[in-house]
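Shared chain: chain A. Partners: chain B in the first complex, chain C in the second.
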Partner chain A sequence: MDNGYVNARVKGMYSRLLDKGSLSNLILKPDISSLITALEDTPYREDLERALVLKPGLSGIEEALRQNFVRTIQKIKGFLEGEKSERYIAIFSSRWDIHNLKTILRGKRIYVPSGQIRENLIPAGEFDEALLSELLKQPDIRSVIDLLATFDVSYAAPLTEVFPEYTEKSDLIILENALDRFYYERVIGLVQGKSTEEQIIRQLVQTEIDLINLKSILMMVRDDIDPDDGERILLEGGRVFNLKKLRVMLKLGSVAGVIESLEGTPYRFLEDLRSTEGDNLKISAYQHLLDEYMIRHAVRLYRGDPLSVTVVIGFLWAKYTEIMNLRIIARCKNALISPEEMEAEMVYV
Partner chain B sequence: MTGWEVPIGAAIAFAGGAIATGIAQSKIGAAGAGTVAERPESAGIVIVLEAIPETLVILGFVVAAMIIIMVE
Partner chain C sequence: MEQVHPTRMELMKKRSQILLAEQGRDLLKEKMEALIQEFFKIMVNFSESREGLEQLAIEADLALLVAEAVDDPVAVKSASYATKRQIMVDIAGKNIMGVPVPVIQKKSVALNVMERGYGLIGTSSRINEAAEKFEAEMDMIIRLAETETTLRRLGNEIQMNRRRVNALDQIIIPELKEQAKYIRFSIEEREREDLFRLKKVKKLIERKKKKKLMASVS
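Moving on to the complex of A and B:
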């Protein structure tokens, strides 16, 4: 399919993303107010001006970044309305529904005020502001799930199914895992076609599943979680690891063992890190490397077929990475973290 | 005296160029509209790019004219 118009617009938008030099300049700003002044010379100006009227400082920056991202996704959805490619973007954006639902469930579990939960929502998926507001008004997790069922939202089914188990064990990971499992199964089901676009998107999602499983396994092995309990949160449908392989990795018993078992897979770069940094490396370093791999893998799609929808998906990943980098800079500035440490946390695309 | 094959040949030469130009301009036009919407400063170059496929139809016209003139 010819996405000439949309892809040209997306390429125009991509050209306005901040390059490494601009991000490095932002890192060197001494405080939040000088960071805001610098950001006013970027495409975030409009969102910043609007957000800073209501919220000063760090909250204002976070609100502006969130609004900018939502506006970007909605703008692209607008271009693709009625086109076949629309559903591929819907697949990408529905991850924000999962993010929003998890945020609401977490907030309701520990009785966080609705206003504070709302600050962390990103209405970029299928859930509109009205539905999110209604969900926020609910007093507890049970009511949130009931409301989803009343509105016939598809995520109600997996949550309802595992709710008795959640009530029994009172472990939020049961609900979160049910959502993840439902989301990835649905996405993989939607891109089963033989077209190049579907194959590329399928591979991207399968890679993401691998990386999520790998990160979970590293954490579970580090924390000595019983493999029988641990395997319940593993996701099916990965590109390299099936459930059988994942179970074997879970039983290896040490982080070093898991990393050694990656020999011959596309994720063997973790072994290089281990061999240079030693066995005492924190799990977060491996996770950062895996996140970086995922982002680079996804952003590479932008440079693929110039008339395919994968250009849009690559751009959205690049945009999201930029937003994450700016959030890291803003939060680190607020917490007086050194530029070197900040630099280590960022991912450049 | 020429038969019907000369004007038909000329028409095919011209039509081929015209159709190819149409296809090329539609693609460039769509992408150009997107480019100008995001970066209005690039309007000049987009107009030049949009005009480039015109060479195809001009070539078709020249070939058609040559067929008619030379055969007669």
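Moving on to the complex of A and C:
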């Protein structure tokens, strides 16, 4: 498929992403005010001006970053409207639907006012403003699921299926797992074709599934979770790990054991970290490496076939990473964290 | 000085009051020493725990900062909706040297990743670690609440005892002694007066007897 026009626009947008030097300059800014001033010379100026009117300082920056991200995704969706490639972008953006849906379900469960729930939604996915508003108006979880079914939203099916179990156990994890499982099954289903770009995207999603499973296993093993309970969390369809292998890893009983079992897989780099830092390392340190691996893997797609939709996907990941880096700089600047510690949390692509 | 009747009965009463006050003072002093010992025993652990709590609070704040910075504050806030719950504590009581102190019985606030209420797949380990740190901080706060209340009550009791001992030592016992001394002096004075009076009477009687004898002789 020829995405020449869209990719040319995306390449223009990619060229405006902040490079390592610009990020380093931002890290060296003495305070939040000077960071805002510096960001006003970047493509974030418009979003900053709008956000800072309502929220000053750090909250304003974070709001601006979110708005910019939402705007970027919508802009790209606009380029691809009606094209076959649109569904590949939906793979990326739908994760914010999952976030929004989970936030609404969590909020409704403890009767959080709709206004407060709305503040934590990111309308970057497929749900439009009208649907989100209607979902927020619902009084409880049951009504939210019913409304999704009425609006024929695909997420209604998995939620309706597990709702009786949720009612019985009153455990939100049941609904959240059903949503996550459905999302990844649907995504894998979308990229079952034999074209090169579908293969590349499938590999990316499969890698993401592997990394999610690995992170989940590390957390569960550390907390001594019963392997039978842990199995419910595992996702099928990974690139390297099938369910059988994942079950074996879950039964290894120690984080060190799990890391050692990665020998011979693309994720053996975790072993290097363990050997240099020791066995008492936090799971978040491993997750940082896994996130970094995922981001690098995804951003590499940008440098693939210049006419493929993978360029757009690579750009979206790069944009997501830039926003994450800017948020880290702003938060750490606000808390007077040293530049070295700040950089340790950032990911350069 | 308080109005006292300088009688032997009153003196005996005062002496028994002094004895009672001195016994009370000694008992209070012993109690105070025991309370102070108990206070310092708890204080050593408390200071260490307090430093531990401060360290935990710093670590929890840092973990939250990292989670909000990397995963976005909205993701953290969203996860917090799923974890909202009540913490039940049973408060019983026990006595330390007659001082009622609380005993807080509770299950640990700390949960494992499957118990926090949110799905593991979409939640980062950074958010989990922040939750873990705050749970540990909450556990420590509840434990310290028991110790701090115990220390505060023991401290109040020690202070109250010290005031009682001081009042006995410096006001009540000296006053009673002063009163006893006054009564003793008054009684002695009265005895001396009685003796003098008796001698005087005896002298008068003798003089009268002598006069009568002289008259009968003449």
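Operating definition for what follows: the second predicted complex is superposed on the first by the 345 of 349 C-alpha atoms of A that agree within 3 Å, B and C clash if a C-alpha of one lies under 4 Å from a C-alpha of the other, contacts with A are read in each partner's own complex, and residues count from 1 in each chain.
We adopt the following convention: a contact is a pair of C-beta atoms (placed from the backbone, for glycine too) under 8 Å apart; a residue touches a chain by one contact, two chains touch by 3 or more.
None of the values given here were measured: they were computed from a predicted structure.
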Once the shared chain is lined up, is A:M324 touching chain B (first), chain C (second), both, or neither of them? second
Which superposed partner A:L218 touches (first chain B, second chain C, both, neither): second
Once the shared chain is lined up, is A:L28 touching chain B (first), chain C (second), both, or neither of them? neither
In the superposed arrangement, does chain B or chain C reach more residues of chain A? C
Between chain B and chain C, whom does A:R109 touch in the aligned arrangement: first, second, both, or neither? second
Kindly classify A:E119 by the partners it touches after superposition: chain B alone (first), chain C alone (second), both, or neither? second
Between chain B (first) and chain C (second), which, if any, makes contact with A:A8: first, second, both or neither? first
Where on chain A do chain B and chain C both make contact? none
Mind pulling up the chain A residues that touch chain C in the complex? 62, 66, 95, 98-99, 102-103, 106-107, 109-110, 112, 117, 119-122, 171-173, 176-177, 179-181, 212, 215-216, 218-220, 223-225, 229-230, 233, 235, 282-284, 286-287, 324, 327-328, 330-332, 335, 337, 345
What residues on chain B touch chain A, complex-wise? 27, 30-35, 37-39
Considering only the defined contacts, which chain C positions touch chain A in the complex? 65-66, 68-70, 72-75, 77-79, 81-82, 84, 112-114, 117-122, 124-126, 128-129
Residues of chain A touching chain B in the complex: 2, 4-9, 11-13, 15
